[in-house]
Each structure stands twice: as structure tokens, then as C-alpha cells.
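The data blocks that follow each hold one structure.
In the two complexes below, chain A is the common chain; its partner is chain B in one and chain C in the other.
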Partner chain A sequence: MGLTLPSFPTDCVSAAPGLRLRPVPEMGTCLAYDPDRARLHTLNPTAWLILSLCDGRPRAAIAAEFATTLRGLAGPAPEQGAFSRGLARLMSLGLVITGSPQTRSSSPQKETAP
Partner chain B sequence: MTDRITPRELLARLGAGEPQAGEIVSEVRTEAALPFFHEGSGAPAGGITVTGSLAAIVSVTAELSWQGAAAVQDWLTDPLPDGSLGTNETELGELISEGLFADSELAGTARYLGTFIVAGQAKRSVKLLIGLTRPVSEAQYATAWAKALAAAKGADRARFDRIRSVLAMLLDEENVKVERLLLLSGVGDLIGHSIASGPAGG
Partner chain C sequence: MQPAFANPVLETPPKISISITEACPHACAHCYSDCARAPKAGELSIPAWRRVIDGLTEEGFIQAYFEGGEPFAKPGFLDLIETTAPRMMTLVRTKGAGLDAAVADRLAAARVGRVLVDLMGADAATHDATAGAAGAFDQAIAAIGHCVARAIPVDVLVVLTRSTAPQLNAILALAHGLGAERVGILRLYPLGRAKAIWGGIALPLADQMAALAALAPPPGLKVMQSWHPRDQNCCWQAAALNAFGDMIGCQYLREYVNYGNIRDRPYLDAWRNDPLYKQIRSGNVEASCPDCSGSQRSHGGCRSTAFAFHGRWEAPDPFDVTLNDGVDLAVLPDRLR
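And now, the complex of A and B:
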């Protein structure tokens, strides 16, 4: 019997389960509600982009898409290391966790209008 | 539409900056059953006892923090430091009932009615009620307080400092509200005499 490898590398990251997102573009932010811990967070567009990319892929792949997305935008880009800092911040808030989305009950849900 | 925008679209609109995320403290709740009145010490006043009819009530209401309201509660129920019978509230009552308008034609017209604490989930207000058997002008009322405090300060500095400490807790608050309420029951025919002429037939 061969060695059983995990189905995803340990550096895969995904959004916390059940996270509910509500963009508030008029305020330039996206609200993220974590129902498991009853906490509300505010994300600026860059942090929201990072969160939206965390779908269980390895960090390197997410970082590459983050960089590609920013290159397509006009205006100055964030300083080097912005992805790592943003991801670390999201993980410290519990909005992003290590692992695959298959291990969670649900992926982030977008709020509908009340 | 608000719920259809993507982060890329928002970035294209606003530009990319340093990623920022933070928790919003949307609500702060205290324990609903937070014990307020300390064990062994009840409410500072059991009720309003008035001898004679009142013409007006001065109501001083201060919205305090939990700590502030508890400090007032403690002050009211603390025994007098010299060991004599009574509490700090006794001295406050004496100052108001005996000190206000002392040495004037209005002497004895003020009544200390009590200090009441409302401690609900959303508010903790302290209400000090002073009854007046004759209505007075604001200037007369203010002068009476100034004279009473000056007399108290001259007579017993420690007592004055104690009373001043609780008045400061109540009156130095931004949200203090002083109301002067005229009582209809004391001014017209409702009880058979007017405040101007005194009891009917008297």
C-alpha cells in the first residue's frame, strides 16, 4: 500500500466557511460577516480581492493571479509584499484559513439586498 | 447593482492600495443581569415622604456611566465618617432641606425628596429631586445654593468636601438635565388654596 498524500498542499488557503460578503461600493469597501463568530469586518478593495481569490489554491497561485489582476489596473500598484501582508491580515482575522474549501460547509456567500 | 460588483470592478474604479481589513465593533453588550445594587445596601431612598404640599419640584437628572452611577450609589449609602447615625445622604438631605434659603423669608421651603437611580439595560440615570413649597425664580434658587454651599464650607470643610464630591458627580456631567416642574396640585383650587395666599382661610 502506497503512501497516502493529503488531497491539497498545506499552503492552500480558502475563505472561512459561511462567510457572508456585502460590497458597499459607495463607501469603497466590502463588509464580511463571520456568522460562526458573529463578527463583522470591513475590507478595502485590495483585501477583498485577496479574499475572493482564496478558493483553496496554493498561495503562490493566488499571489500570481493577484499580481496579474493589479497589473491590469490603471494607477499605482501597492508596494511589494502587499499580497503577503493582506493575506496575513485576513488570516489573523479568521477570514482566511488554511486548507481546501471542500473541507468546509460552504464557501463565501454574497449577501442579497435586505 | 450593489450586490453584483466584483472586487476587480471596485479596484478599477478606486485604484489599488495597501490591503486593509479590520473588525467592526458593531455592538457592545453588557451582561443583562449585571448586579448593580451591592448586596446589603438597598436603593438609596425607599420613597418620597413629604410634609406639607409642594409647589414645585426641581429634578436633576444625570446620565452616568455604570461606574459613575455605582459611585453615587456607594456615596449615598456610605456611613458618616464620624460614626454618627446616618449616611452621606443624610447630610445631603440636611444641606438641601435646612441649608437652602436659610436666613431668608423662604427658609424651610426646600425639601430633599431623595436620589433615585434608574439602572436599566440601556441607561443608568441618577435623579435628585428637591421639593419646594413655594416656587422661586432661577436666580433665587441659584443664590440659595451658593449661600448654602458657602455656609457648609465655612462650618465643616470635610462635610462640605463630601457633599461637593457627589454634586460634582451629578452636575459636572455633560448630560445633566435640570428641570423645574410646577405642581398644579399646589397652586390652584385643586387643594383649596394657592401658593400665593397660603392655605385657604389661613
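And now, the complex of A and C:
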């Protein structure tokens, strides 16, 4: 089964409601707990960045910030299409949904390591 | 001087295992906690555990693995699960006692992430003899069925002993047939009542390796085991609490360490400041198996069995064929008898 993206760049995307993010910067990963599906995912840096940007804005705006953020970072540039593939994968896992967050409480709980 | 070997370093641990009680309706011959039917004096209450979970959540823990004793023997355990699962990936290890259809309904509703069920044999006679309880096998089988029927992922766990070794493939087939996703084959640890009967249940390492080499899992069933070349020193990421709230790093270190009580000290305080905890996590060991360190990114293998057999935290793990160095795993050191 192929991964699919929102139909239009103007479609808004958000992190799934109730998601809890737990960065593990020492390992270069972020754990994402989805309590609705009872799943704990380990995100690579690309997925971690995409998910952290999915705050209800249109897909095109998030893609632009993704590219801007990467340009400001050291290290190798991600492959062409990394954003689209990453977003599609996050959507297939249910970690990102189409639409704006309805309430503040539905935004992901972002944590920094204590 | 830089140590020869070093494990990965976590500033804070994301996952924790919690032994919620040392009460259990079974009387397993090798019980690591010397459990009894009644809870022991000093076990934390459910309200106390709620406060602990609140604190652990604030400290950044995102996964809780509950075990016992028998967790379902703890009154109020399901209430605790229901307040934990919305915040942490929640796993429960059980022998199946008390996990009936109604309990499985609550586990499913609470969105428990995985249930791990111990099997001590592929048939009732073998399992019940080790469990010390007639009907224990049927309870375990029923518990697996209740969870699978509700789409709760299930793992089967089996400790490799003289009685389970000849039945491993039958256990794999049974687990697969029941709908378990994975089977974890665990080493036998010299803890609790296992020490008293060690000579009768422990296998020499060569026999353990032969039993593992003979595994023929059904297609689709994942088998997990931690012998060579996957012998991990997982202490670098390990956090654990016993039933009394003592911080012990790993359940298999329960008889060797105590970093203080969670009611007196935040977990991260022990993690960051206890010298022994830091030492055990470091991976500063005398020898490291290249194959295992290559696959597991850690060094020296399990610290519990290394310490048990050698009495030194830096010692090599004798359960690894490349680090065994002539240790007979079927015979306990005198100080453990």
C-alpha cells in the first residue's frame, strides 16, 4: 500500500490529538507515544522535525519551514522528497492528521528532557 | 584514563519497569522474588503508586512495564493502569492469574500496549508443576486468548530451564497458535527461590546454546533471546522500582543494589548522582564480545549474571559463549547458595 499525502498544499496538518513526545537527543531520536493506538514510536530526526512542525498550518507552509530549518543546520542535506515521504509516513502511522487542532489540549505534549 | 569500553549514555531514562507487588497466587519453584499469596509488609499502596506515576511522568518517563509477583493480584491495579496508559506506553507481565474476560475488557479500554504472559511449559503438567498451582496453565492460556480476542498484542515469555528446554519448539507452536506475536526466551537468573534449586533446573551453557540452536519458530512468529551474539548490557538505559518503591535499576539487580526509595528521592536524582548506578550503566567492563557489542551497542553483557557469578560489576557475562571463560552455569558460586 502506498503512502499518501494531503491532496493539496493548502491542506492543514496537525499532530494527532493526545500525542506525547519525549525527545531522546542523546540518541538522535524522539519517542512518540500515541495513547489512542497504544503505540510507542521511535522517530528519526527528520520525522521528529516534521512532526514538531505540524501545528495546524498548511502543508506548504510546513514544508517551507522544514527546508528553512534544515538549511540552518550542519550536516548532510536530506534526500530530495524527504519531507513528503516523512509526512506521508507519519500520516500512515496516525501521528499526523489532516486538519487544524480543534483545541489546545489536542496539541501534542512536547517535552524537553528533564 | 578513558575506559576501554563505554556504553551509550542517556541523560535521562525514558522507560521503567515496576514490580507492583510480591503477592502471587502461584508458588513458582524458581520465583525470583520469593513471592507469597499475601502482599509483603511495606509494599506501596495504589494511591502511593499513583503519586509515583505522576512523578515519573514529570521526569520524562514514557513507558511503564508492570510486573509482579502477579500484578492482577494487587487490588486496584487496574485503576492504576487506567491512569497510567493515557500518559505512558503501558505493558503488563502476568502469569495469567486473574486476567479473565472482564479484566481484558478493561485492559483493552485502557489501551494497554502489550501483555506478556509467562509459560513454564507447553502442557499443563509441566507448567503447573513449576508454577506450583493446579490450573495455572489453563489460566495462562485463557489470558492469552482474552487479550488476543481484544486485539491487545501478546508476547509469551519462557525461562530457559531443564524442564522448558525440551519443550521450546512446542511452546513456540503453542504461542503462535494462540495468536501471540512474539516469544521471548529468557535466561534463568540466580535470584530468590531459584538459588535453592539451581542445580536441578539450570542448564550448562552448551546445553542452553543447543536448545536455542534447535529453535524452529513457525513462520510469522518473532523469537527474542539475549544470548550470543545478542547479549546486551542494557543497564545503560535501565530503570526499575520494586514493590516497596526502592530504585533498583533493573529487576534482575533486585538482590544486589538499592539506590534509595522513590518516596524519598526523585528517580532522576538517583540516576544522575548515585555512584554505583552510574558505574553499572557505564559499560566500563573487563571484556567485551565484538559480535554482541556490534549488534547491541553495549559491552560485557548482562550485569546481573556477571555480578552473580563473579562478584564484580566489571566482570564478563558468563552467559555469553565468548566471555564464559569456563564458568559452569549449572553450578552456583558458594556465596549465592
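We adopt the following convention: the second predicted complex is superposed on the first by the 97 of 114 C-alpha atoms of A that agree within 3 Å, B and C clash if a C-alpha of one lies under 4 Å from a C-alpha of the other, contacts with A are read in each partner's own complex, and residues count from 1 in each chain.
We adopt the following convention: contacts are C-beta pairs under 8 Å (C-beta built on N, C-alpha and C of every residue); 3 or more make two chains touch, one makes a residue touch a chain.
If you're wondering where the values come from, they're calculated on a predicted model, not measured in any experiment.
**Student:** Have a look at chain B and chain C on chain A after the superposition and call it: clash or fit.
**Tutor:** Taken together on chain A, chain C would clash with chain B, as the superposition shows.
**Student:** Identify the partner contact of A:40: answer first if only chain B is touched, second if only chain C is, both if each is, neither if none is.
**Tutor:** Both partners, chain B and chain C.
**Student:** With both complexes superposed on chain A, which partner does A:24 reach: first (chain B), second (chain C), both or neither?
**Tutor:** both
**Student:** Examine A:50 and indicate which partner it touches, taking first as chain B and second as chain C; both and neither are also allowed.
**Tutor:** first
**Student:** Kindly classify A:73 by the partners it touches after superposition: chain B alone (first), chain C alone (second), both, or neither?
**Tutor:** Only chain B; A:73 stays clear of chain C.
**Student:** Of chain B and chain C, which one touches more of chain A's residues?
**Tutor:** Chain A has more residues touched by B than by the other partner.
**Student:** Thinking of the overlay built on chain A, is A:59 touched by chain B (first), by chain C (second), by both, or by neither?
**Tutor:** A:59 sits against neither chain B nor chain C.
**Student:** Flag for me the stretch of chain B that overlaps chain C after superposition; candidates: 113-121, 131-139 or 185-193.
**Tutor:** Answer for the clashing stretch of chain B: 113-121.
**Student:** Could you list which residues of chain A make contact with chain B in one structure and with chain C in the other?
**Tutor:** On chain A, the overlap between the chain B and chain C contacts is residues 22, 24-26, 31, 39-40, 111, 113.
**Student:** Mind pulling up the chain A residues that touch chain B in the complex?
**Tutor:** 22-26, 28, 30-32, 39-52, 69-70, 73-79, 82-83, 85-86, 89-90, 93, 95, 110-113
**Student:** Provide the residue numbers of chain B that touch chain A in the complex, in ascending order.
**Tutor:** Per the touch definition, chain B meets chain A at residues 2-3, 5-8, 10-24, 26.
**Student:** Flag every residue of chain C that touches chain A in the complex, lowest number first.
**Tutor:** 8-12, 14, 58-60, 62-63, 85-90, 111-114, 268
**Student:** Give every residue of chain A touching chain C within the complex, in rising order.
**Tutor:** Spelled out, the residues of chain A in touch with chain C are 18, 20, 22, 24-27, 31, 33, 35-40, 111, 113-114.
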